[in-house]
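For reference, chains read A, B and C in written order, and residue numbers begin at 1 within each chain.
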Amino acid sequence: MYSLAIEIPYWGQSLLRVLGGLVAVLLPAGTIVYVFLFKMMSFMQSRLGPMEAGPYGSLQLIAEVGKWLQKEDIAPEKADVRIFKMAPIIVLLSTFLLVVVVPFGPDAYFTDFSVGIFYALAVGSVSVIGILVAGWASANKYSLLGGLRAAGQLIAYELPMVLAVVGVVIQAGSMNLQDIVVAQNTGQIFGWGGLGNPYVITQFVGFVIFMIAVQAELTQAPFDMPIAESELVSGYMTEYSGFRFLMFFIGEFATAGVFAFIASVLFLGGWGVPFGWFGWESLDQVSNWMNIGGPLIMFTKMMVLTFIIMWVRFSYPRFREDQLQRFAWKVLIPVSLANIVVTAILKVAF
Amino acid sequence: MVVPLSETTDTAPPVALPGDGLREQVIDLLRSELGEGLVDTHLIPQTDLWVRVDRSVWRRTAEVLRSAGFDHFCFISAIDWLPSPFGRGEDDPSDPPPERSTEIVQGYAGGETRFQMLARLTDTNRHLGVNIKCDVPTEDVVVDSWVQVFAGANWHERETHEMFGIGFAGHPDLRNMYLPGDFEGYPLRKDFPLLARMVKPWPGIVDVEPMPVADADETSSDETPAVTPDGDQS
Amino acid sequence: MTVLSDRQQLSYIAAQAADARLNVELETEGMTLNIGPQHPATHGTLRIIARLDGEQVVWAEPGCGYMHRGYEKLTEVRTFPQVTSLINRIDWLGSFANEVPFILAAEQLMEIEAPPRAQWIRTILFELSRIANVSLFLGDLGVQMGAITPVFLAFRDREYVLNLIEGATGGRFHPNFDRIGGLKEDLPAGWVAETRQVMRKMRQFCDEIEDLLFGNEIFQSRMRGIGVIPADVARQYGLTGANLRASGVDWDLRRDQSLPMAWDKVDFKVWTHPDGDSFARCWVRLQETREATKIVEQLLDTMPAGPVMAKVPRIIKVPEGEAWVSTENPLGEMGYYVVSKGDLGPFRVKIRSASFNNISVVPWVLKGVYVPDIITILASLYFILGDIDR
């Protein structure tokens, strides 16, 4: 935000960033819930979904939020109340921490971390603590089982996710997300640069593993054992109601959006278009309108990726806990390790 | 063990429907195995077979029949042959209580006691069933448990225990299935009143009052009155 | 008492040994999980008390009776024609099928038989209730495993069948249409053509479910080899219906006994499966739904003309006697042992419902499985609460 930063005082910048962060988290969450959860799922199930609130049910989301906000904030008698109330905040917080490093344009980012992806993967697992705490503090056996399952699952899938990203980092030669975007948009595939080098092509295996791991991190079907509504009622969320449940709910879909942002930065070229199309050669030459266009491009890519996530979620039954662990340790991790080795060899060779 | 969909098969071709010869064989077998224990039998041709055994061979009957191919357990229950002292609840509660018969008349294959065990086993290969009855004296309402022979008898005996108050010697766990643990009385015994019905006769009972004469005349022409033995309909 | 299959026994022993080792080191403690009576997986109010070690079940015990309505007692104060309105609430998803065996038992005692057309229509409606019932089971399977889409497809297509039942009987869930000696009414005009159409639709629905669920790798890995019930155990516990046939026992009351119904006039296959696992149970039900559509179509082709009601007296008194009639209901063998004393109402009715026996195997089959498998095994055994508690 160089061009803007000169004219705006520090408090103004901070305010802008907070607003930007809220938009970057809540807008995808709202859009995903309405477009995918309300409408797409309904169409897949031969029904219309919400139709009454607003034209085509578009205000349903506001109605829902209003409903949740009105509800009483109940904590079970035997719960560890302070921790119980803290848990959804931790979960939502990790989403905000994640979005901090995502670049939305040449200058439109919140912070420019040189080890951005490392940071993202690190704070991505903070939500585990929230979930575990929620499961424990609820004083409910279903919640406890759900929390334990979530912890086991998230830790197991953290690994393939990190390993899948390593391939990208090797190819880009940087852990800075902005550099990764630039590397993809200025890159070439075997000397042809018409599309840049979106890593979804050269790192396809890594992309697939990353998306599977994201699905598991988000505890969406077929990896939704922590909330498994048919066996654990609602897992770690069972005892939550009112706006604390809403925070979990927002957290779930906002995290889906943010992980889709990160995936599009890592694999789909992020906010950029191939720089060759406009004759740019480096980040400094990118024109300022990309600060407006970039977020739109990111948003589109995010919608495509969350569409895949939700599509899988609505169609698949869920795994059993042991099958899930077996899949992570026996399939995903060996494949991603092999992917790293092959990437490293090719990187050295070319 | 996992068989692809295309390889699933019928294990046995359909056998001809059972005749009465098979049922007589069952009676012969029980007579030779149980001797005096087989008290009475009742065979309705082409329909079904009833046997009544002595209480001492109740479990033995299950074992014999199981080894003779009746290895599919159908149910265990009991019958209380006492005519209900409350009738069927159709009386007007303001009238003096009517006189009712207290004579106990048992059904097929006879009987001597108020309570009778009733069980059924099926032979899935020969497509045959047999109803087994057994007298249970009122002063000692206990029979042997079948759990050791048919594991599935467990729940049925628990149900019979709580509904009729019949004890099962050798049953591992005769808890109530439905009722609260401290419930008093045995609901399916005939002397257990159906209170809701006692307090207020069920309004639906008016259906069986005699029809108005004109209406009855129209329909009586095409009726076959032979069905009801006492022929007291319009 | 219980005969464990080799697989279960080995896994159980292995788990016990592992626990013993762990207990020495960690002093672990079991947990009692109370599933139900209010729980999404129990379709009503079944309660399962499970002793867990981690996520493995050490023992489990269903607790029923939250819905006991005392039908056996209530029948003793009803007249014979009134009983049908009670008993079609036993298995409320296939309610017409509940009425049939009772009516047949009463007819057997009265030594009358419904006219052929009534027999045909009874059989058709019986099979329609089976389709309505089992199609919901097929959709529900997915929900139990977190796939939310199939159940909506099932509800959508079951509606067509319910419309047919409503068209013929006037009631979607509780038709109360069967009378001693025949049926209340004949079929309405246009019903036959519509039924043919719906049967085609239901076969498409079966294909759809087969694609969506049965071919899914996750579904198979959750179902295959899980909850194996060997044939011997199945017989001992008196399992019936698809649960018994999935254990390889070829026993179907539609084919294996002679009743005054039209099943012996049609050609249909009784499917069995040798595995006895959850998948086999579901698969047999899927095939049965297909067979049922074919049975209905064949019966529509051959339906005789004539009255739908035999000549019966206005006031029905059933002669003294006892009768046992059971039919192959959607859930399994449903039978009524009717004792009559020559009165207006039955003296005693023993209702042998399928789910009661089918669920009594649960403590045996749940030993040593994981918590998520409790749900799939219960779903595949397919019970309806009213059918357990009566």
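In the analysis below, a residue touches a chain if its C-beta (ideal position, glycine included) is under 8 Å from a C-beta of that chain, and two chains touch if they have at least 3 such contacts.
Fair warning: this is a prediction, and the values are worked out from it, not measured in the lab.
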Quick one: which chains contact subunit A and subunit C both?
none
Using C-alpha centroids, which chain lies at the maximum separation from subunit C?
A
From the C-alpha centre of subunit A to that of subunit C, how far is it in Å?
44
Taking each chain's centre as the mean of its CA atoms, subunit A sits from subunit B at a distance in Å of 64
Cα centroid separation between subunit B and subunit C, in whole Å?
22
Overlap residues in subunit B, where contacts from two or more other chains coincide
none
Of all residues in subunit B, those that touch subunit C in their complex
1-3, 5, 8-12, 14-15, 17, 47-48, 50, 71-75, 77, 79-80, 83-84, 88-89, 105, 107-108, 118, 120, 124, 127, 129, 131, 147-148, 150-152, 154-156, 163, 172, 176-179, 187-188, 190, 192, 194, 197, 202, 204-205, 207-208, 210-211, 216, 219-220, 222-225, 227-230, 233-234
Spell out the part of subunit C that touches subunit A in their complex, as residue ranges.
31, 33-35, 39-41, 55, 142-149, 152-153, 156, 212-213, 216, 218-219, 221-222, 370-375
For the complex, give me every residue of subunit A touching subunit C.
41, 44-47, 141-142, 145, 221-222, 224-225, 228-233, 314-323
In the complex of these two chains, what residues of subunit C are touching subunit B?
1-3, 64-65, 68, 70, 72-74, 76-79, 81-82, 108, 110-112, 224-225, 228, 232-233, 235-238, 244, 248-251, 255-258, 269-275, 283, 311-317, 319-324, 333, 335, 337, 339, 341-345, 348, 350, 352, 356-357, 360-361, 364, 389
